[in-house]
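You will see chain A twice below: alongside chain B first, and alongside chain C after that.
For the complex of A and B:
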């Protein structure tokens, strides 16, 4: 197991993904010390300044300012706080719910499985963006509702994968062996099957974090996420769209950030899946 | 009194999935202490079903419709769950077919080998560790310390099968079910494993039900043999007698069908259709 993790660390995908996300985490935690300006401070005299290196650029404003004169770089750094919070908590909750139900469905079969798989089928028939806007509209906007909405929508991904993986593991002889030794069914599920489902789960959580970041940006974009005095990437994109002809950087900067973050999560997930899978299957 | 270790009588089972198709037809089988009994048949003959019934792990789709399985006089089919839990795993254990999947890939060998010792014998971690070391030495594993710390993927197929044999004999069971334990191994390792099972069985005086489809394996390891077809016992007896002078045409045809390594150009002789027709008529399959 240790060896496969070491192998994973040599994968360039994992190095990029892990590295970028670590940088992002540091930025989010130490935002007040790292950000060059106050992300909320408006200065109409310095409105729509271009990024450093362009004509009219002002020193100290590396990525320029938006139409209200707020520093784009500082807003990006503060925006990573919301993005990461949502990524970790929403993906974690979705994984928790989905994995629990998936394990139960794949292990106990019978009516438990029927009920859970039907539920997943029904759930997946709803368009996710529509469902999330609907949910946030019902719960009211705010960080908690965004996280809840993402978890409520995306647990099905985990449930389906974990269920099929559980069924595959359940057919293995080591499970039969555990049964003949006299372990209870629950103990076999928790201590024999769950650890063998974990590698797939780790990769899936990473992919889900990327998805959560996008969904949060979408909800911010349409103004259903946190209130507008908290900087978010989605909110910045929405704001930049209105002044795209005067200051393209206001929209491009958060877009690039979003792209890199999702890419990092996906690469990390993909790399982990490759590194962990063959080891376990061998 | 020399009561049989295991005696199966009139055991019948049907498949619920297959519209009640019979899987076992009044199977009778007796096993003495320390005897190795081969259970031979083609796929679907019911040999694995018997093995699973002995271990209490029949799939839900298989329903036993009659008969008894007496293990030291107690009927396993009617015994309460608590009694079964006492017997299975402790007095009856399993050597599984495929060493690739029979060990949990995510746990160290030591944890898996000591599960039974700690759960069923109440040993402490230290006692179980010592016992595991002796067991591994007994199955001729050279560096037991290293193997105990290893994960299954770090061991070869033969090594894993040795670990599984050690695990099957760990609780000093009276009966070991070997479910085609050599099918997944290559021929050279196969022979070592057979010799090992034979050796362990002799040393511990354990009865063995050896499920296989290979008469060559039966000749090497089994004292007696039971031949099944479509869930019915076709022939049984001492291995030497059955192989030297088979009574039933099906047995004769099976022995003749085995590959002859000394005469590779002789070709293979499949069991003639007439033999199957006769079998089906005898059993009453239309």
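For the complex of A and C:
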């Protein structure tokens, strides 16, 4: 375990992914100190300024301004707060639900397994777009709905993988050993099997975070996420799409940021899976 | 035997569709907020409200509501859209062809591009070109269709304005279409100007939807082709003096195409899901774009109709793919 984690840290994918996400976390936490301007302050005298280096650029507005004169860089920095909040909470909730059910299904078998796998099958027969449309229609728009929708739709990804992983672990010698020395079934599950399922889980969570960031961006793009006065990348992209001929940079900046963030989570998840998954290591 | 398994498949499809319908019905009944409250004009009398409630089938218990709802659906009555104040079935009939043309074009594009890349990759296997093709393919795959669409808007819509940015057809050319299948109709009635304009409007959405799918097809087909290329029958054909291209196209492809079609079917349903956001970005007047407006306006009858249409599409595609795979696989044909 320890060795494979160290091996993972040397993987270039993991280094890029981890590095970028750490920078993003710092930006999100210290946004008020890092952002050069107030992300909400409008100044119509400074509307649609181009980024630094272009003709008519204004010092202090590195990535230019939008049509209301708000600083694009500052909005980008503040936007990482929503993106990361959704990434961590939504992926965390999906992982929590999926892992719990997956562990139970893989360990206790019998009717527990039958019920849970049936549930997963039914759930996955429902296309994600339909389900998310319905869920947002039911919950109404807003950050809570976005997070709930992602968790409700994507827990099955975790459940399926964790269940098969738990079944594989259950047939290992160390489980038999733990049983011989009198550990209760529940204790074996939590203190023996869970730590061995964890590496696969970590990789899955990272991939899920990438999905969550995209879903949030799409929903704020169409105006179904947080209210429009909170800066979000999706909201900035929607605004930039409106004024694309006057200021292309308003859309380019959040789009690049979104792409890099999704790639970072994907690369991190991919690298971790490769380094930590015993099946792929062999 | 075959007829029986098809019947069985259709029966299962009908049950699934019924299940989708029940889920939609239940979910939309637990929606907080009264849809009638959003529709009444200020100062309506209680009688007017009650009449409206009865008109939309919202009076009565949940059981009787379900029967009213089911009977209406089976007779083709999908209700009236709250926000657009028009018959839902009519609205769907106007918009669905646009989405069907878009999704089909994206599928054809993805199959042609992905297939060519896979064949090219198999031809150049074990050379320096192979990792290059794989790398490009991996990059295309890593970028979500949402980002592809917006990148296309910037590059081919704004920086190098090659294609129109939004809509389905130039308003000046829109006159006298008999159906809503603009692309097919303009082709059949031999109107090159209209056809070119509709195709140009579809180009960017098709690219955004088709590129990620093409990358998936290329990867899976290439893997199965490479597996097929080391089989004995290929070696035999090679000994007979067949060229590599003929080997790949005539022998390997026939045996590798089954798994690819099964996977493409699943991915095609995701592509149809993707039309929702892609149509939004390009202001393309299909059912996906309408779905977002319906959710924003909380137009429950329209949402219900849209979900049932999307659900039916997914089910039909799954059945068709199953049949196609069975037809192409001799081992399943007599099963």
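Keep in mind that, in the parts below, the second predicted complex is superposed on the first by the 275 of 282 C-alpha atoms of A that agree within 3 Å, B and C clash if a C-alpha of one lies under 4 Å from a C-alpha of the other, contacts with A are read in each partner's own complex, and residues count from 1 in each chain.
The definition used in the following text is that a residue touches a chain if its C-beta (ideal position, glycine included) is under 8 Å from a C-beta of that chain, and two chains touch if they have at least 3 such contacts.
Predicted, not measured: the structure shown is a model, and the values here were computed from it.
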item: Clash or fit, chain B versus chain C on superposed chain A; value: fit
item: Touched partner set for A:263, first chain B, second chain C, both or neither; value: second
item: Chain A as apex of chain B and chain C, Cα-centre angle in degrees (nearest 10); value: 100
item: Which of chain B and chain C A:186 touches, first, second, both or neither; value: neither
item: Chain B versus chain C as contact partner of A:223, first or second or both or neither; value: second
item: Chain B versus chain C as contact partner of A:30, first or second or both or neither; value: neither
item: Contacts of A:54 with chain B and chain C, given as first, second, both or neither; value: neither
item: Which superposed partner A:134 touches (first chain B, second chain C, both, neither); value: second
item: Partner chain(s) touched by A:178 [first = chain B, second = chain C, both, neither]; value: first
item: Partner chain in contact with A:245 - chain B first, chain C second, else both or neither; value: second
item: Chain C versus chain B - closest C-alpha approach in the superposed model, Å; value: 24
item: Complex contact set, residues of chain C against chain A; value: 16, 19-20, 23-24, 27-28, 30-33, 142-144, 146-147, 150-151, 153-154, 157-159, 165, 269-270, 273-274, 276-277, 280-281, 291-292, 294-296, 298, 300, 303, 306-307, 310-311, 314
item: Residues of chain B touching chain A in the complex; value: 55-57, 85, 88-90, 93-94, 96-98, 101-107, 112, 115-116, 119-120, 151, 153, 164, 167
item: Touch list for chain A against partner chain C, complex; value: 122, 125-130, 133-138, 140-141, 214, 217-218, 221-224, 237, 241, 244-245, 248, 251-252, 255, 258-259, 262-263, 266
item: Touching residues on chain A, where the partner in the complex is chain B; value: 1, 172-174, 176-183, 192, 195-196, 198, 279-282
